[in-house]
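Quick heads-up: structures coming right below.
Here come two complexes built around subunit A, the first alongside subunit B, the second alongside subunit C.
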Partner chain A sequence: MTATSFHLTRSSPALSLGLVVALGVLLAVVIVSVLYGAADIGAATVWAALFSYDGSTEHLIIRTLRVPRALVAVLVGGSLAVAGAVMQGVTRNPMADPGLLGIEAGAALAVVAAVHFQGISSLAVYTWFALAGAALAAVVVYALGSAGRGGITPLKLTVSGAALTALLSSLTTGILLLDRRTLDEVCFWLAGSVAGRDLGLMLQALPLICVGLLGALLLGRKVTTLSLGEDVARGLGQRTAWVRAAAALVVVLLAGGAVALAGPVGFVGLVIPHAVRFFVGVNYRWILPYSALAGAIFLVLADVAGRLILRPQELPVGVMTALVGGPFFVYLVRWKVRR
Partner chain B sequence: MGEICTERLTLAYDERAVVAGLDIVIPTGRVTALVGPNGCGKSTLLRGLARLLKPRGGSAYLDGRSIWRMPTRELARQLGILPQAPVAPEGLTVRDLVAQGRYPYHGWLNRWSEADEEAVARALDITGMVDLAHRPVDALSGGQRQRAWIAMALAQETKVLLLDEPTTYLDMHHQLEVLHLLRRLNREEGRTVVLVVHNLNHAARYSDHVVALSDGKVVAAGTPQEVVTSEVLREVFGVEAHILSDPDTGVPLCIPYALCENSNVRAPSMDSFAAPHTGHIHV
Partner chain C sequence: MRRAWLVVGRQQTSLSFRLDRRVPVWLLGLAGAALVASVLSVGVGEYPISSLDVIRAVLGLETGNPDHSFIVRTLRLPRVLVALGIGAALAVSGVIMQGLTRNPLASPELTGVTAGASLAAVVLLVATPAASVVALPWAALLGAVIAAGLVYLLSWRGDDSPLRLILVGIGLTSIIGALTTVMVTFGEIDDVARALVWLTGSVYGTSWEGLRALVPWMAVFLPAALILARHLDVLHLGEDVARGLGSRVELQRGLLLLTAAALVAATVTVAGTVGFVGLIAPHIARRLVGPSHEGVLPTAALTGSLIVVLADLLGRTLFAPVEIPCGVVTAVIGAPFFMYLLYRNRNN
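Moving on to the complex of A and B:
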């Protein structure tokens, strides 16, 4: 019934080698992303801009626009994919994703509210508001999803997430309708975009994302055990409450950091872990590092595609991921969700 | 070793006390069956013994130590629990599932050892899962799946094994297969086995000790001959039954034929859960 050959346990050497290959692919797509843009800049000039900078317009474009853009896509794609994988493992819910469960919407609302009420216009403080918003939304969606009889189920969690996302997004829209100035400042950001982010903002989000990624990788083995179910994991001697709390913290750091950088980019956290599982199996020790690399590759490619499709116009990367993720979501609902 | 007992154990979900002030002793190195009607508290009791449910009062003890005072990992090296109808993540292979049984032997750092490998190989061998080791658990039949989960609990190498309805959802053949396996684990390896089971004839045939629960209290406990009697069946299940003797083994066989009139066993309602009972039984 299922493609069993793909689910066989892969040996560690093959999987380690695969990570190196994925890293190479990531490097290649980053180079492609830096090479292609609105202005035609030759490979030699790009090289020179990186290693013998002379301050010319072309060099400036490479250094301040294209390189940060590619790096932001790497960070955001990796963060969201890992956050999604951790959420799917811990909640045993194939539809868990920081976008679908309202965590990104929470971070986005917090940022928009901060811009509107506090008049904060610098992107740099987005990070802290995004984190707080992500954390609050995570607490609310988890409380809603586990309320009532039978505790937390995939269906309840997903419905709670959808409801919360709708509520938070409409509040965000409400603020933007009332306040054109805020709208102008955050419009492109809100659609999910990796363009126009300066290195300063990246440096602020970087430590959070790094701590989140490291934490996720350390949790890998425990998430695998927890994915067998709460009672089984506790019977095996796991302190599940601690693992869940640590996982929630990791998700908030990664999703909050990603939203601060690029706005709410949907579906990366949903699609990538499933694709990765198809190749590496169900062990989170491998799912998590592969998700980080695959998510980064996916978002860089989505961003490049967004630049090419309507040239010279650009589509925000969030639109591109939704184009891929929407149909995939329907596929999951139809075939993969057991009640 | 591996002696389990409880002292005034009270277990509750929300405000409803399911088990109140229960004192029982599970005989060491034997197979014990917990039987009783739906909602009588047998699964709850098992969860309480395995530290999956925090007691409202009293405690469960393993070799004289309160299980709530033991480090989590240490308890998991001495006592294994197989919850009711566990579901493996899609695509998880039998071997990977069984390897999870080694979780309590690993900290943050130590690597997969020779002892781990041997424990997994032995568990696969005893349960007859060697040939299926590389198949995904979700692609197995119900009986094979249950054996895979039991193998995981075996790899945990605990002297006590608790199982919540391990035969439910299985056909007759696979039920016997699981029960034979559990008895072998007890006879050949001396493990203490406690299982929740619905079929009284299975309980009588495959266990040394039967505990009949009703409304969270022990109605009868002892050998199958002592517990599987018309009186106990009337009181616990509210059924009239003929009790025969198995021609081969002499263990009791029950054939229920009617519902008792004025039965005090009802469909489980809120009231029957809420009523506090105190059961005292010493074996």
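Moving on to the complex of A and C:
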């Protein structure tokens, strides 16, 4: 079965071309992000820093600060958007988002607790705890949201996520207050920012995120079927339980990896899939790759805007995404979702 | 035969209260518990003071140690009194919100009202650093009213959906929270330090000045809430019934909402966001004295006081010498309670 048999609004070649264009836009915004910063560094110097590194201060800034920052934004934005898209498709919940449903808060709490109770300070272990926390939170929120008559409804699931987020983040705050050392170690990380992440941490999370992205893309067609409803998917011969489990694993890998890198950043997974769906229709084989690129573009731009708005101070990227995503969330709740 | 209701005041006058028989008993019990908790809380600390000495020092009697008077009356007493006050104010505004919206999940922090009050106060602090403690509650009130209006407008769609109100509140809270961060980043550093002190939801370091800022608001709006409580019973029957019974629905709703917003504004300016008290206390009170708001309101007020004093006491003693702000303690208790409420209402 080819993609065109889904009777989409746009043809397959046009969509392929669109992906290439999106990739170009992503490259452009990454370049803008690297060029722009507190120190004025010309394009020629940036080029030299990348390809003929001489160890000068400017080259050091480009290599250790600006490039990692842009790459982290790309990775985090892409994985959060794909995680959100998979969640929205599988749960048929237009308000699904790893941040709103408490999965990011779970990952954050697990990391903070690990640092506090185990004294773990190696970044490598952060990632595994983040994954475990994300998985646990996902199970709890799903159980809570699906209790009662009518099974899992968007409103119930989202409110459960909010309750879980409140609990987990207040526990996180409590641990941080108890322990100055933990606070110092993870404070930079918990703000939900892409600044100051070193390449070592990125290399830790990179394989997880790559596996998650690959898995998501492979699941694309199954998610499309499942998004038509449990009954339809079963009728078409899909073993829905397996697809759900695989999708959950993908979400945990992506969201956990993203949180390990950047801390909790909300609303990317909510907004991007909706924006993408507007352009490419309802087929997740296209929605997922487009979400990856659009999420990356969005987060890089949000980071640049966060640096621009209050010069010379910087706003964490999580604030920028909340400013864009919050109103969109209210719009969804108000006008798009029935009980 | 034992009557089920107590009527306080003459029925010919416009002011009378009809209370469930259980109310006075519980009020006395809760007041006693709050008193005991307060005395304990004043006594506990880096420098422990026996309960008897605490009572002596509060009453101005000689305790044989000149330090006691200073520690109790200057350092610890205002803190406990503020905790009592904000607990009552938050609980009462929670009762009003749950009654008005007929939504068991409504509470100041879940609907974004608290966040609105905080943002307005931070804006005032950043805009005019010299703003006095007296001006802050007014700004916070404006913010609370605007947030309440917004959440109501955005969530009302002709049907009552408890969850939609909460979700719009959550969306608003995250937008307002982001804007607050923008303001805090934008402002001068020392203002920010001042702003952050009460944004964390703590009664740490509260002085008599903070209490003085709180008292006038409590003195006006707690009695107002008590007088308006009977209208909540009528409004709770639904808009049509209330109108049919001759209620001036819009006026009463407006007054009640203003009262709730004012109480939240006063607490936010003194102690920041102490979450979930406004959610829990009304539920406990209803469980104790039944659904009539004239009884629920004072019971919830005392329950709220007790909760905040205990939360503050726990926060100070659990991990001493480190202090956990009472806002964190109430959230850790309140969020699971919120989940329990969701679970209990799962079929609605």
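Quick notes on this structure:
We adopt the following convention: the second predicted complex is superposed on the first by the 331 of 339 C-alpha atoms of A that agree within 3 Å, B and C clash if a C-alpha of one lies under 4 Å from a C-alpha of the other, contacts with A are read in each partner's own complex, and residues count from 1 in each chain.
As a working rule, contacts are C-beta pairs under 8 Å (C-beta built on N, C-alpha and C of every residue); 3 or more make two chains touch, one makes a residue touch a chain.
Everything numeric in this text was worked out from a predicted model, so none of it was measured.
When both complexes are superposed on subunit A, subunit B and subunit C fit side by side without a clash.
Looking at the shared chain after the overlay, A:Ala14 reaches neither subunit B nor subunit C.
When the two complexes are overlaid on their common chain A, residue A:Arg92 makes contact with subunit B while staying clear of subunit C.
Ranked by how many residues of subunit A each touches, subunit B and subunit C are led by C. Touch criterion met: A:Ser227 reaches subunit B, while subunit C stays clear of it. Of the two partner chains placed by superposition, only subunit C is touched by A:Pro316; subunit B is not.
Taking the C-alpha centre of subunit A as the vertex, the lines to the centres of subunit B and subunit C open to an angle of 90 degrees, rounded to the nearest 10.
Of the two partner chains placed around the shared chain by superposition, subunit B is the only one that A:Gly237 touches, whereas subunit C remains out of contact. When both complexes are overlaid on chain A, the residue A:Gly281 reaches subunit B alone and has no touch with subunit C.
Our summary of the superposed model lists a minimum C-alpha distance of 16 Å between subunit B and subunit C. No residue of subunit A is contacted both by subunit B in one complex and by subunit C in the other. Residues of subunit A touching subunit B in their complex: 1-2, 4, 7-9, 92, 218, 221, 224-225, 227-229, 231-232, 234-239, 277, 281-283, 336, 338. Interface residues of subunit A, counted against subunit C in their complex, comprise 95, 100, 144, 147-150, 155-156, 158-160, 162-164, 166-167, 170-171, 173-174, 177-179, 266-267, 309-310, 313-316, 318-320, 322-323, 325-327, 329-330, 333-334, 337, 339.
Residue ranges on subunit B touching subunit A, taken from their complex, read 47, 50-52, 72-77, 80-83, 86-93, 95-97, 100-101, 103-104, 106, 108, 134-136, 138-139, 153, 156. Those residues of subunit C lying in contact with subunit A across their complex are 105, 154-155, 157, 159, 161, 163-164, 166-168, 170-172, 174-175, 177-179, 181-182, 185-186, 275-276, 319, 322-325, 328-329, 331-332, 334-336, 338-339, 342-343, 346-347.
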